[in-house]
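Read from first to last, the chains carry the letters A, B, C and D; within each, the first residue is number 1.
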Amino acid sequence: MTPTPTIPSDAELTELRREFHRNPEPGWCEFRTTVRIVEELERLGVDEIHVGPDALDSDERLGVPDDDVLAEWYERAAAETDRTDLLEQLEGGHTGAVAVVRNGEGPTVGLRVDIDALPITESTDDDHRPVAEGFRSTNEGYMHACGHDAHITFGLGVLRTVLESDFEGTFKVFFQPSEELLGGGKAMASGPHIDDVDYLFGAHVGLDVPVGTVVAGLDEALALSRMAVTFEGESAHAGLAPNEGRNAVQAFIAAADNVYGIPRHREGNTRVNVGQLRSDNAANVIADRVTASIEVRGESTELMEYMRDAVRRYVDAAAEMHECTAEIELTGESIRQDCDEELVELVSGTVTDRSDSLSLVRRDALAASEDATYLMQAVSENGGAATYLGIGASNPSGHHTPRFDVDEECLPIGVEVLSASVLQLLS
Amino acid sequence: MTPTPTIPSDAELTELRREFHRNPEPGWCEFRTTVRIVEELERLGVDEIHVGPDALDSDERLGVPDDDVLAEWYERAAAETDRTDLLEQLEGGHTGAVAVVRNGEGPTVGLRVDIDALPITESTDDDHRPVAEGFRSTNEGYMHACGHDAHITFGLGVLRTVLESDFEGTFKVFFQPSEELLGGGKAMASGPHIDDVDYLFGAHVGLDVPVGTVVAGLDEALALSRMAVTFEGESAHAGLAPNEGRNAVQAFIAAADNVYGIPRHREGNTRVNVGQLRSDNAANVIADRVTASIEVRGESTELMEYMRDAVRRYVDAAAEMHECTAEIELTGESIRQDCDEELVELVSGTVTDRSDSLSLVRRDALAASEDATYLMQAVSENGGAATYLGIGASNPSGHHTPRFDVDEECLPIGVEVLSASVLQLLS
Amino acid sequence: MTPTPTIPSDAELTELRREFHRNPEPGWCEFRTTVRIVEELERLGVDEIHVGPDALDSDERLGVPDDDVLAEWYERAAAETDRTDLLEQLEGGHTGAVAVVRNGEGPTVGLRVDIDALPITESTDDDHRPVAEGFRSTNEGYMHACGHDAHITFGLGVLRTVLESDFEGTFKVFFQPSEELLGGGKAMASGPHIDDVDYLFGAHVGLDVPVGTVVAGLDEALALSRMAVTFEGESAHAGLAPNEGRNAVQAFIAAADNVYGIPRHREGNTRVNVGQLRSDNAANVIADRVTASIEVRGESTELMEYMRDAVRRYVDAAAEMHECTAEIELTGESIRQDCDEELVELVSGTVTDRSDSLSLVRRDALAASEDATYLMQAVSENGGAATYLGIGASNPSGHHTPRFDVDEECLPIGVEVLSASVLQLLS
Amino acid sequence: MTPTPTIPSDAELTELRREFHRNPEPGWCEFRTTVRIVEELERLGVDEIHVGPDALDSDERLGVPDDDVLAEWYERAAAETDRTDLLEQLEGGHTGAVAVVRNGEGPTVGLRVDIDALPITESTDDDHRPVAEGFRSTNEGYMHACGHDAHITFGLGVLRTVLESDFEGTFKVFFQPSEELLGGGKAMASGPHIDDVDYLFGAHVGLDVPVGTVVAGLDEALALSRMAVTFEGESAHAGLAPNEGRNAVQAFIAAADNVYGIPRHREGNTRVNVGQLRSDNAANVIADRVTASIEVRGESTELMEYMRDAVRRYVDAAAEMHECTAEIELTGESIRQDCDEELVELVSGTVTDRSDSLSLVRRDALAASEDATYLMQAVSENGGAATYLGIGASNPSGHHTPRFDVDEECLPIGVEVLSASVLQLLS
């Protein structure tokens, strides 16, 4: 029989989740969010808290926004908190936190949750619960449309549960920034807190699974690489001297045209797409600049890398062909890391023990990309084990849509299943 | 000997030009400009004035901006004039005017000048004369950077000169909107006022010709066609269901890639360029929309049409290939129409008569596109004759640059040469 | 216990195989081969033999060679046989045969074998057994490099075995032409002899499986479609009048460029390739003709059809773009049809019963395309069951290579396993 | 008054022309042709004759055929002549000859004629004069379809005339091989015989000009560069392992697609075309080899070079993109060199003096490419003067067509006009 921990009340969890829902912040701009997490951790009496540059490897952050965007969100957060001491540590997009609690000898168990929101305008429909019950996003144009508000709540709820239990060993909660951009996972996995973790849990709410159902292991995340590509050439008058230009549009076309044709791979499925084109030169000017975003995926990390390396070669050759230069900035990346059977088994047991109230799906495919995989891989490579749970939430509308929401019953379920799993390892 | 008309004082012309320079408005938004022209015409006692829909064929306007842009400029103009009676006639981008004066029997002579400005931010350098002498653009971001302020002044100055002379026949001045977009020439040539014109003059200041030099005939305007192209497809998740999209980026690429390769033509030079790319879909979404601007040119009208028709075919086929739709909106077009020798000869004589103060270039190539050609063609097709003059202005910086300016001595020169030429035909 | 039929002697089978090996003929040119098969059938006393147009649906043949090629092979065959009566039925590429034997009441069981060879020049190495033992190909440039000589032997051997056994029901052997081109499967499946088949067996030797091992069910054949594409435009002098041409090279490029970028599909892997380019116009002539071969594949029939339909659309649109015409001739096609568990089980039992001499692989993936799938699908759709066996042959060199050969021990094994399986159903 | 030289009889010239017409040989294979020219030169008593490697710079030859092609034509010639001494000097494609005659002090005058034929099958129509009068090509598939047979006749006829006249100075006749491929001009201009030439004449018959009309200066030859391009990659099975190939078809497409879009040039017209595609890999194999021919032209030598350099850059970048290699072999090239007014004037005078029988066109455009320009440029660069004449020939069908022929009256006219022009300079 798995432990039956004392979890926080439903109301407490709901209140937490709704506060975070009301205040969504995008990747690397989670200033207020990080401050509030730390305040809650302090309230729980956690005395080892790492934030910002101490929580992750800042050099490995991907897709950090421009300074003016960071500054705008920073100011917004500064207007709402007096914890300048904390905020200053986060300046420049060093968001996120790691909480650590220790008690005697025992293994080190980790829980990773993500904390960022999406650039989506939340629905104003009266029957959208956040509207009806008054916790709609107050940052217009941004929204917790993927459930990370619930994930933060899981992190805080499980931490409180563990603290209130007899446990032996160490428990760490990774509040990871910038998952939506696939920008924070690698930075946190390269940071100083993952190396001694023996067991790692991750979790996602929703995913079109009904509340009460738990997936013990979500596998097959698509590995993904996203690149911001800039071609620069030289302008010239398109009528008078077309040959004097170096045409960034032609370079872009040569690259984009060919990347869609990167050879299919014997080892499995790949993906490629080009988006966010932008070139501002008028049509009577040979364009000196084109920007675009290119995204590739693979069933495996190797397939993603095959595609990413091809994109780089194609982009460089296309630039050379048209005497332009090309810059490729990696703005997001994730790998594939499947769950370890050992932990899938452990979580499955936890769920089965509650089979009167919960349904189990042992393993399922995660039809998406996810950068928790970096932390899972780090743990696995160190000889540890990791799994990534799905916590059903009967979400009324798909992820990344304006009417996304979760059945808040998922909150105590997630906290309980995760806590029970963690405590089984720490007792 | 050509007539020696009484032209307005230099100071008067300079003042007019500076007022227009201070108040630049882009194509189809010349609301204040048109009102001020009409006020000046009224002051001169012109009693036949056609504005807006009566001045041109509204259906033939190309490149009319979106309603909100029109509305913004309209409001700006409304704030500065009490001539609501006039403004209301112009609403919706029906700008421009035609002034007509008649006296007895005689031929009908026309003068065409253009009145629009450019979306260029004027220099703030202290040594830029409009700054030094206080007539810099007050519409930030817009500028008379091609000398149309001088052209309006020519139109009004020549009209006053003609009115003050003994003349026999009819004189019309066409104040044409939206030349920079190549959007107004065809509309004015399709309007009701060109058909009875026996002789037409056009003129351009500057063009890197020193003040005091006059070109009697500018030929070889490149025929041009500019198209706003929109590809629409259908979005799909680029990772989960790429095949369910209809990829507007791929359609755009197939079109743009191929239009650069439209076969060269035996009859002469052609041009093609693609600019202003825009697709906002993120790279994880198959793009459902791409917009771009495609511009083609030819040494002759036929070559331009060859290119334009090819673009249409290529765009349609590319859309079909990728199951998208394509819309092509013609946003500007001009033809080639060379000057008639008869009028080049007449203008040359006018200049030669003033050879102590003026230098003559008989004919030169106009290395640009120009939609006065539509009016010139209309006159020629009716058996009349047309020419397009260059009035040297020692401009310190190239056309379409932030420091463009003209030596204002060009103003009386232009008025005198044009008036003398017109009056020679009307006496 | 499965039946233990009396199979022909190893020597007899080896002799048959070697005769066919010596006389390879490519798809739809199996004139001599078909005649020899019929002679053997007659020798065995089979009295219901269908050849040529009676054996399959001639209209469904794909990839039939040009008349002059057919004529050349026909003449070659005619020089070696006096069975003009038979040959005449085959004229024009109507090769292949179906043999039927009936005895009392019982189910109808079918065996499908393919009979064509490849355009490969057989090795002349002394240690290549067909050289060493004197049965190398006598049709220089052609070779049984995929083991169809063994397949014909299976067909004849199993038929003799069945005839020599007590059996109840009907047994049909389909000697299918033109498998290498994927040109004959659909024609035979559309012919008049498959509809009443309750159980169908197919088999392939080799596939890098050691002799003595039998695979009871080969699945996952890649569905394939192969198209001969011809673009026709109009020539013009590339220097003097490039615009007067309609450039078939540009049309080809637009098509080929884009087909490599047909969107990846959510349902699984796809393939696309372009080969056999040919355009004979000199570079100073706008090309009026380009031919190429385009091949697409999919993990499923639907995926292949998705790719094939896209190729058609792309080719047509590319032709239209460049004012050319395009013709697409389907020259080969195969589908995916996996084996029915019922027959895999039956064959597995047959092999297991001989486990002292044979090893069983229950199911394996067929990493290739195969048009036996059409006959398998026809049987399945009629409520019957089909399987496709792999008969290990320890082939010393890969399929489709000049040194391909089989360990002839595979011959009695194949005949025995197939006969036992057939007879179990017919007793 | 220009000299009135004694020219050979019409019959003699006709006989010569017909003999060469009967024996056409393509570029660098003019073995028999060169031998026969030398025999004629010897008969005329020319004692300074340079052939093969002594006549031109062998290293600068472009487009020399493969050894087996050379050998075949060599053998064919060897079968028809006993002048093995001469033939051996020509072996390996060192064809062509330079004849020099000297007499006292005086300028050096040159005449350049070309001697190669085309891979065109001559008409067999009864009303095609070479058929009717028995001098149709005896080298089936090859034909003097551009009049070089007449040009050789000019060379020999003018030489005889000069020899029979009083002349002072040096006269050289350049019998240039391989003009049709644009392969011999540069080699001859780089050879040892052009540097001291003060005046150079070239001539072309036909060009749709009636017999009796002479063009004194043909200008505006299009500069041309022709490249044989080979892409090499690596094969792989297109179904099983497409990613393991390096696709030469994709590299070719990327290059060809983009070269059609090389930017138009401000200085004038350019051309580009791709032809002779060939890739033999079947569609189920990733192609490891594609060959094609790319040809570019320009109104000027600089424009041609701009295009040629772009092709090189594009081809290299496309190969790199797809990890292939590319080889670019220059197989033909010509430049633009217009005629010197001094010689146009001189030739014009010659024609005007014969205005009862001849009509003059002073200058006209040569709507083609021509490598006599290399020799003309060499002479001009040394301070000399050159012109290129058109000798009307009322050709009944266009150049490079199976029914091309010349009115043989052009022969004495060409010889007379050229001789008179040459002798005017040498007297």
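We take it that a residue touches a chain if its C-beta (ideal position, glycine included) is under 8 Å from a C-beta of that chain, and two chains touch if they have at least 3 such contacts.
Computed from a predicted model, the values in this text were never measured in an experiment.
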With chain centres defined as mean CA positions, report which chain is farthest from subunit A. D
Decide which interface, B-C or A-B, involves more C-beta pairs in contact, and give its chain pair. A-B
Measure off the straight-line distance from the CA centroid of subunit B to the CA centroid of subunit C, and report it in whole Å. 69
Round to the nearest whole Å and give the separation of the Cα centres of subunit A and subunit B. 53
Where does subunit A touch two or more other chains at once, residue-wise? 240, 242, 250, 254, 257, 260-261, 263-264, 271, 286
Which residues, counting only subunit A, touch subunit C once they are in their complex? 257, 260-261, 263-264, 268-272
Flag every residue of subunit A that touches subunit D in the complex, lowest number first. 240-245, 247, 250, 254, 257-258, 261, 263-267, 286, 306, 313-314, 317-318, 320-323
As the complex stands, subunit A meets subunit B at residues 222, 224, 226, 238-240, 242, 249-250, 252-254, 256-257, 260, 271, 273-287, 290, 292-295, 297, 367-369
